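After this come two complexes, each holding subunit A, first together with subunit B and then together with subunit C.
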Partner chain A sequence: MAKLKALTPLGAYEPLVDEFSGLSIREVTDRALASLAARIGQEQACAVAAKALLGADLPEPQTWAAAGDFTAWWMGPDQWMLDAEYAKHTLLAAEVKTAVGDAASVTEQTDGWCRFDLEGPCCFDVLERLCQLDLRSGAAGDAQRCSLEHVGVFLLCRAPGQSYSVLGPRSSAASLHHALVTAAGSVL
Partner chain B sequence: MANVRILPRCTVIGSYDHGVYGAVERLADHVLAPETGKARQVLWRIYTKRALLCAGSTERPIAFENNDRPGIMLAGSMRAYANRWAVTPDQRIAVFTNNDDGRRRAADLIAKGVEVAAVVDTRADAPSVDGAELFAGAQVVDTKGKLGLEWITIRTASGVTRDIPVGALGVSGGWNPNVHLTCHQRGRPAWREDIAAFVPAGDIPAGMSVAGAANGAFSTAAALRTGAEGAVASLAELGVDAKVADLPEAEDAQVNITPFWFVKEGKGRAWLDQQNDVTVKDVKLAHQENFRSVEHMKRYTTLGMATDQGKTSNMGGLAVMAELAGKEIPQVGTTIFRPPYTPVAMGTFGGRSRGKEFRPTRLTPSHKWAAENGATFVEVGQWLRAQWYEKPGETHWRQSVDREALATRSSVGICDVTTLGKIDVQGTDAATFLNRIYANAFGKLAVGKVRYGLMLREDGICYDDGTAARFAEDHFVVTTTTANAVTVYRNMEFARQCLWPDLDVQIISTTEAWAQFAVAGPKSRDLLRKIVDADHDLSNEGFPFMGCKEITVCGGTRARLFRISFSGELAYEIAVPARYGNALMEALMEAGEEFGATPYGTEALGVMRIEKGHVTGNELNGTTAALNIGLGRMVSQKKDSIGTVNSRREGLNTDDALMLVGLKPVEASEPVVPGSHLMAETGEVHAKTDQGYITSAAFSPHVGSSIGLGFLKNGGARMGERLRAVNPLQNQEVLVEVVSAHFIDPEGERLRG
Partner chain C sequence: MIINHPILGPRDAQEFTYLGDATLIDRPDPDAGNAAEAFHDYVYLRDNPAGEHKELWYHEQGDRSWLVVTRNTLTHEITDVQLARDAARARGRST
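For the complex of A and B:
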């Protein structure tokens, strides 16, 4: 039997890039994701084990942090999303589980999400048409949950006004992408 | 200043809690040929710590007979046209006023070279106007003209009438501060006698202050001064030091108004609200009909509604009502102000979405394949699912559906079932947790096994069903119905955080992460053997009914395999990471070619589950308990779980309780119609003789007739009985026979084979 060929969340074989004057919207499909949730009474052990793996402390609420191969962001009390390059960490969940053992529950999330990276000087102008977050007063390292055109997303700020990642549910990738390019086309 | 953003052509339409304002920016309405793809308007939500309202004021008219003739307008508008655009409605005009501002309008127009034939001032002591004849203590009592204003009739202070030929009349009855935004949170303005107007007062929205004409400071100088002072004060409250800049010199005259609202003379129509066609007489009628509260008067007459929002008309109406009631205007009071302040197109609230964009869609992992292979899609919540796959030559959906169902039962069918909710449940107390969530026991479920489970509401009613697969001692994957994926997840999260915070359990949704397919039918194992990598045992002994395990397919792709069946056939559900879902569908179809593998949609899925007697949302309809669907004994009495106690309620356990039964027509050609009620073969058709109702029905190609599921009183003991299925809405009566709900394989041999 032939090997199965992967599709992107937008249903193509290659990620899509949309260019606007002052903004590019790039579909990102080369990341692996795993959720990490500390078990009861194991919060400290989870933090220690995660730090050993990630090379940095697990981030505080509403923030993300990166070190080495890994990026992590806070999702809820004692709960984080971990992110790494897919080719290098295809089995990220298993890798994390090995690192944290019984201190935490780990669930593969790689294909649960789609991601679009927004880059360029016009990020504020486009994102303020789409979500309610006060991005103009935000800082690099913010990781927030919000509704973007009726789709629940994570919004990671990499450089205020310049660079953001939007992660939404994979099944709604087409709707999310449509919202992003429609708003960008309207503003730019 | 880089940190200040100016929004031109933008109107604040509402003031909401916590300093939030709504505003509409008009981006392209003034553009002759707007660019496609660009927004016409933007609806902004503005969060503020402090806001300074400088909304200005609106001039108000004076009502008099036949004041709706073209050419009669507010004096302020007339002046604006002359000063800003050098336009006048006529070269010969008159002004009707009760205040000094009206006189100033006249002076401006004279300065522009317009002939002002008369200044009609209701005040006996009105000061004179250079260049115009003044009629102090006079009123405009009527107008004439064929297609527009040609004459005004005035009654002078001495009581004589006089006709004056003019082509336009500017009316100025004073100014209403635009207090609306100060009142959107139920604030009430206060009456200021000196300017005969309501001004902001009392509980205005938090963080707001008001300057200029909106606060009753009408002159240009006062507007500049109070605006600057207000800004400095607001900044000071935010801890920013600022001082008032040097203000330019500006006019600083008083309005000097003597209130005059409507001319009492004349029997013709004197319009108060030209937008809603409300006259002085209409307000009198409202009073006569006892609609005397200002809120009632407004609704009886429509005064000040909609586009007007009371801006020009309300004061006139209040004045008429006050006079009729023998009260002062402040005693009559104002109506409640509500957003939006100006009319807003519904499209502005709708935003950029058009047609089907109004809500996001969710696409299954094999959507691309389905779209390329003749699928008709159906909305299931936000999901688009294949309903059936039309083949060349098929002219009716039933042909496609019958073919899909028959092919599955005779060989093998494939259905994308990704939409079912998947919840990853982990933790040392995961089994205890599920034991409390499900009505039946889960504590002792072996690793590598799947169990069907029922979830009850607290009141004992059954609200969802699904399976839980145990992949490790501390790891389960729960599936829910498509419709209840979010509800079940939310209930679990509530239970975990609030009911039993002491349990060590972590949950997260994985619905989207895995593409899952039902592979059903007698040839399903043969098909899977061609896909699943060789080192995994698929034999009945090695992987029996209700088994689950992690496998690999197509040369190493990670997958999860479940031996579960919704169709009643030997069946599996196979899951791969979502990115491989479309390819897996292709691979299954390619490998299944020799078996005639057939993709099936939700319609055939429904046919087969009715044939098997499996319940869905139609049966779990919010009124049925486990007992009613024939699964009463599944509710374990050896443990406590959500809803167990209430499922023992007397009312849910009567001897004649509604029980799930199968139904088929006595005449095979007749339909079973869902929603029909079940009545005795003869006798009255009435709610009191009602014996049950039909929840689901389909044409069963297997049985060769329409079949249905329904609830019948004491149904378990009534097999073979004949009943009428009545549908009074369409005058339909079908004789049906009560049969087992399991139309195929009641012993369950196929799915265990």
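For the complex of A and C:
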């Protein structure tokens, strides 16, 4: 068997970290993702099955929640993204499909996305230059989809003004990274 | 222009794309006797009102839901916004 070595969305062997005074931008590559969409008329069965798997209710619109190994966020009406550590849940989509059966449709998303975690006291200053969301009135647990420098992303708030995760399409990883680093460079 | 999304609240129109007349929800029955004529009208004929207009908008840079927006084409005033699936189900579709 060929010896294959995984590349990060930015094309390197190791995740990139950019340090600014007051902000770090860290590429995150060790997460497995799967999307969950309740089927018509099966919304309740999907919610019950998902709760049994996740150990918590599926999150309300515009929020994310974590319980045990899993993180979930609302993507749209009756749709959620599920997230877990890749090493422990490599086959996350299969795991979720087994749990929800015919109540929902599950799609593997792991390699479709890139993720950058922003940490530091200058998050507001950088993100408000890139997207339209009113982050200053946001709270921990917010999960919104928005356009960030013309790239559609999920923006998860872990601590207001301090800690955010940005998930964008993997094929736009370099554009997204460029936007984040350029905005950070112009602020800091 | 601000569209008051039923789930997400007020959002800038820049996040949405416009499709057109919401009569697209009323797809004719392909097995009906007058299907050819009905589909001709469905595909080609549109009202062009100066005033209140129901239209389909897609929240592309948001939750990817389709909305039925009631907009006054003279003033751009938006008087009602519904999820398109709710509007369709209210007409007996996809129940």
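Miscellaneous remarks
Everything below uses one rule, namely that the second predicted complex is superposed on the first by the 187 of 188 C-alpha atoms of A that agree within 3 Å, B and C clash if a C-alpha of one lies under 4 Å from a C-alpha of the other, contacts with A are read in each partner's own complex, and residues count from 1 in each chain.
Note that in this section contacts are C-beta pairs under 8 Å (C-beta built on N, C-alpha and C of every residue); 3 or more make two chains touch, one makes a residue touch a chain.
Model, not experiment: these values are computed from the prediction.
With both structures placed on the common chain, the touch criterion links A:I25 to neither subunit B nor subunit C.
In the superposed model, A:I40 lies in contact with both subunit B and subunit C. When the shared chain is aligned, no partner comes close enough to touch A:L167: not subunit B, not subunit C. For subunit A, the partner touching the most residues, choosing from subunit B and subunit C, is B. In the superposition on chain A, A:L156 makes contact with neither subunit B nor subunit C.
Residue contacts after overlaying the shared chain place A:L4 against subunit B, while subunit C stays out of touching range. Of the two partner chains placed by superposition, A:A99 touches none, neither subunit B nor subunit C. When the two complexes are overlaid on their common chain A, residue A:Q132 makes contact with subunit B and with subunit C alike. Legend: residue contacts after superposition of the two complexes on their common chain; A:Q62 is shown touching subunit C, with no touch to subunit B.
In the three-chain superposition model, subunit A touches both subunit B and subunit C at residues 40, 132.
Within the complex, the subunit A residues that touch subunit B are 1-9, 11, 29, 35, 37, 39-41, 79, 102, 104-113, 129, 132, 134, 149-151, 169-176, 178-179, 182-183, 185-187. Across the interface of their complex, subunit A is touched by residues 7-8, 12, 14-15, 60-65, 83, 85, 94 of subunit C.
If you check the complex, the residues on subunit A that touch subunit C are 40, 61-62, 74-77, 132, 145-147, 152. On subunit B, the positions that touch subunit A within their shared complex are 37-39, 42, 45, 47, 352-353, 357, 359-365, 367-368, 382-383, 418, 424, 426-428, 474-475, 502-504, 506, 508-515, 530-531, 553-557, 576-584, 587, 591.
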